[in-house]
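Below: the structure, in structure tokens.
Chain nomenclature is as follows: A, B and C, assigned in order of appearance, with residue numbering initiated at 1 for each chain independently.
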Amino acid sequence: MKLEQVASLVSGTLAGEDTLEISGARGLENAREGDITFLMHNKYLEALKNTQASAVLVMEPVDVSIPQIVVAKPELAFARLVKEFNPEPRPEPGIHPSAVMGKNVKLGENVTLSSGVCIGNDVSIGDDVVLHANVVIADNCIVGDHCTLYPNVTLYRNSNLGNHVILHAGVVIGADGFGYTLDEKGCHYKINQFGRVVIEDHVEIGANSCIDRAAMETTLIKAGTKIDNLVQVAHNCTVGEHSILVAQVGLAGSCKLGHHVVLAGQVGLADHVTLGDQVTVTAKSGTFRDIESKTVVSGWPAVPTGTWKRYMATLPKLPDLAKKVRELEARLREVENSSNDR
Amino acid sequence: MKLEQVASLVSGTLAGEDTLEISGARGLENAREGDITFLMHNKYLEALKNTQASAVLVMEPVDVSIPQIVVAKPELAFARLVKEFNPEPRPEPGIHPSAVMGKNVKLGENVTLSSGVCIGNDVSIGDDVVLHANVVIADNCIVGDHCTLYPNVTLYRNSNLGNHVILHAGVVIGADGFGYTLDEKGCHYKINQFGRVVIEDHVEIGANSCIDRAAMETTLIKAGTKIDNLVQVAHNCTVGEHSILVAQVGLAGSCKLGHHVVLAGQVGLADHVTLGDQVTVTAKSGTFRDIESKTVVSGWPAVPTGTWKRYMATLPKLPDLAKKVRELEARLREVENSSNDR
Amino acid sequence: MKLEQVASLVSGTLAGEDTLEISGARGLENAREGDITFLMHNKYLEALKNTQASAVLVMEPVDVSIPQIVVAKPELAFARLVKEFNPEPRPEPGIHPSAVMGKNVKLGENVTLSSGVCIGNDVSIGDDVVLHANVVIADNCIVGDHCTLYPNVTLYRNSNLGNHVILHAGVVIGADGFGYTLDEKGCHYKINQFGRVVIEDHVEIGANSCIDRAAMETTLIKAGTKIDNLVQVAHNCTVGEHSILVAQVGLAGSCKLGHHVVLAGQVGLADHVTLGDQVTVTAKSGTFRDIESKTVVSGWPAVPTGTWKRYMATLPKLPDLAKKVRELEARLREVENSSNDR
């Protein structure tokens, strides 16, 4: 692709040779000749000078020898070019003879059902859907248009996927929520979970993550939210739009998250916790209290990150502090004694 | 169902119109007309007054306008009604033509083998068992009566399930325990794991959880224990009866848990830890020491929860405490100096 | 097997009856008559005296009545005998009729493809490979010799396994790394991940663990590394040779680990963290800073383990310390007042 076309594709302003041939998009360090790269921050200017890339996406013109394309959001333009040069491959539409379907299955246009796929009764599959090998979809599910379900994904009954949803291998949607009550003999009696899961448009869920179905209503993942691998979302949770749940995060039951929430790796939320919009919980932290919008919190139990950092800075001083207190006590006793002596 | 029948089903005492038609069971907030709900605690009395439910299960008569059924355990009675109104659907018995079986497989009555199921040699499957699509059962396994294995469950060889066991999608039973020893060259030499897993009656295990087989004897999950999603139970562990392991809990090797133990979300136990009966470990905590029966512990390393809360209450005061100690020292020095001056 | 043969197999020196028949290898407590056991440390000498074993592997001769084999590494010799007496069973070579293969699949000698296996285009499978039921291998993958992939394993495209690799049930290799950038409307725009995963020789990966493919280059697990269940390795990581990642460990993107690193259970590493060779991070800890070789660290954020233990020893004293400081202040005030009075 000519650099001129690249610039046009990302709606950028080109400075440099417009007929340069660009064949790929890579980061500053990985870029090779023929690649376009991007400058995320001026602190990487030195790295840019050493890059092997043939062109660069920048926010404002910089002093380098290679052609530049000026765009408002270089990383976004870069991501668009990565997609252009490395489109996700898509298997041919068609139904493998070993795929199994129940009664009343509605298939859209250009659907791929790979080998071992098993679809229950009363299921609707939208257009341009790819179900990779051994995907299992139980009764009464809806899969929207342009969805990709990687191998060994399981949808329990009544699961509902919007459009452009991506579920990675081993994802389990709609397994029973974890609900029991003790019976007269001290045994856990199962509370049947008859709710469902709804996953809205453009949600992506990482490998082996689990979204449990609600006890009686809906576990809801709203549009644009991205969930990493090995994440647990318990029954009755609502995760707001465009949120990020990093790997190994766990949400207990009935949590409500606003939009653009970020939960970093291994974060845990206790049940019934409400997080406002744009809340960030840093890695390995957790909270059993609600958190207000636009707050960044850390620790377990979580406090504002600045406060947590102050605690953490004090922690190393603790042994010394304890020693100091013992010394002070000894010195004070001496002063007291000498005072009494007088 | 007439309210009278409902009362009889839960062995409760009805106060109110006995011919009222009840068609569902839902919580206070979710209940609609025709539903029966339950009052777990008098603090929800206000919510009860606003409920849309047509009847309520209570521990003792309360002052509301809708008919009441008095029972000893309202939540348990409610759970029974939920099951009555929302029985777990069960696929028809039968063997899908794509299911594969080895030699010497014994199948009970009313068994469902869905598409893609693969069963090894010398396997016994009890009555009323449902193996959902793509379940894989290796050689020498026993599956008791009334078990349900959801899609993509794997049982390694020699796994042994009791009756009424539920394994959710993606569960892995009996994978090799994690055991190695360094060889002469500093490489990890695998210690073959030739033990097995035994899972007793009425155990339920959540999606994508893993129970490793013992090195040489038995990893044992005792009757009535409920395990949530993404839980790890390492080789040689024994989990006592009616215990609860919440999502993302991890047990290292050779842990021994008593009965009615509760491990909250993301708890970790070091290897060879013994927990007595009715021990509770709160969320995100962990222990490498044994814990006595009937103890509630928190933190890492865990201490009694009351103690942990006291630590956590002190933590915010630390920066101030450090400041205070510095002040005290300055004041003390002044006193010392003035004392010396005299 | 005669004890003499056993001694020869582990290159040990036999003291005792050489024609004794040995039929198994078990630990001190589990051993039965006919078993050989091992003494790992002299502190188990008492247990050895009570063992039911018929022979024992020792580092130097000890005072017991049963025959002894002296070897440099008793546990290693034991592991070799465990393998001898309990070889991992291997299904017969052969291709199940329900296995599906794409174009240009190269199969080695003695390969087992079980039922429901699905292999894409341009895949190479080495000699003596076992693909258990429902394993899915996407396009352009390479599987070396002597690999075993347990049921429901998924390899995304371009994944590359060395020789003697073991992947347990539910493992997902090569799913998309978790990479997005915000677009103009505040939506997460996916950065296509066009890299790959390379797993070198003798790596073993536990059930339901996930190794994401690199954004553009390679996520690399080096030779001899052992990974437990439910572990997350994010895109662009390099894990050095002979490392150990215990269950539920999580590595964020672009971490670089040296050789013989040990990450205990539930450890988390922030992105771009570098750990030197032989670093150990103890359970439930985490770091967002690099760690130098041969260091043992604990806590979150991690510090040297000795330091962390000192913190933890001080923590219980905190409430008392705070009380003590209040007392000191009161006493000091008294001294100050009496001093002023004078």
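In this section, contacts are C-beta pairs under 8 Å (C-beta built on N, C-alpha and C of every residue); 3 or more make two chains touch, one makes a residue touch a chain.
Because the structure is a prediction, the values reported are computed rather than measured.
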Rotation angle superposing chain A onto its copy chain B by C-alpha atoms, nearest 5 degrees: 120
Same vs different contact residues, chain B with chain C, by half of numbers used: different
Interchain centroid distance [CA atoms averaged], chain B/chain C, Å: 25
For chain B, residues contacting two or more additional chains: 98, 116, 134, 152, 170, 208, 230, 248, 266, 315, 318, 321, 325, 328, 332, 335, 339
Chain A-touching residues of chain B, taken from the complex the two chains share: 26-27, 30, 72-73, 75-76, 78-80, 82-83, 86-89, 96, 98, 114-116, 132-134, 150-152, 166, 168-170, 202, 204, 206-208, 224, 226, 228-230, 242, 244, 246-248, 260, 265-266, 283-284, 312, 315-316, 318-319, 321-322, 325, 328-329, 332, 335-336, 339
Chain B-facing residues of chain A, complex: 98, 100, 116, 118, 134, 136, 139, 152, 154, 156-157, 170, 172, 175-176, 178, 180-184, 186-192, 194, 208, 210, 212, 215-217, 230, 232, 234, 248, 250, 252, 266, 268, 270, 286, 288, 300-301, 303, 307, 310-311, 314-315, 317-318, 321, 324-325, 328, 331-332, 335, 338-339
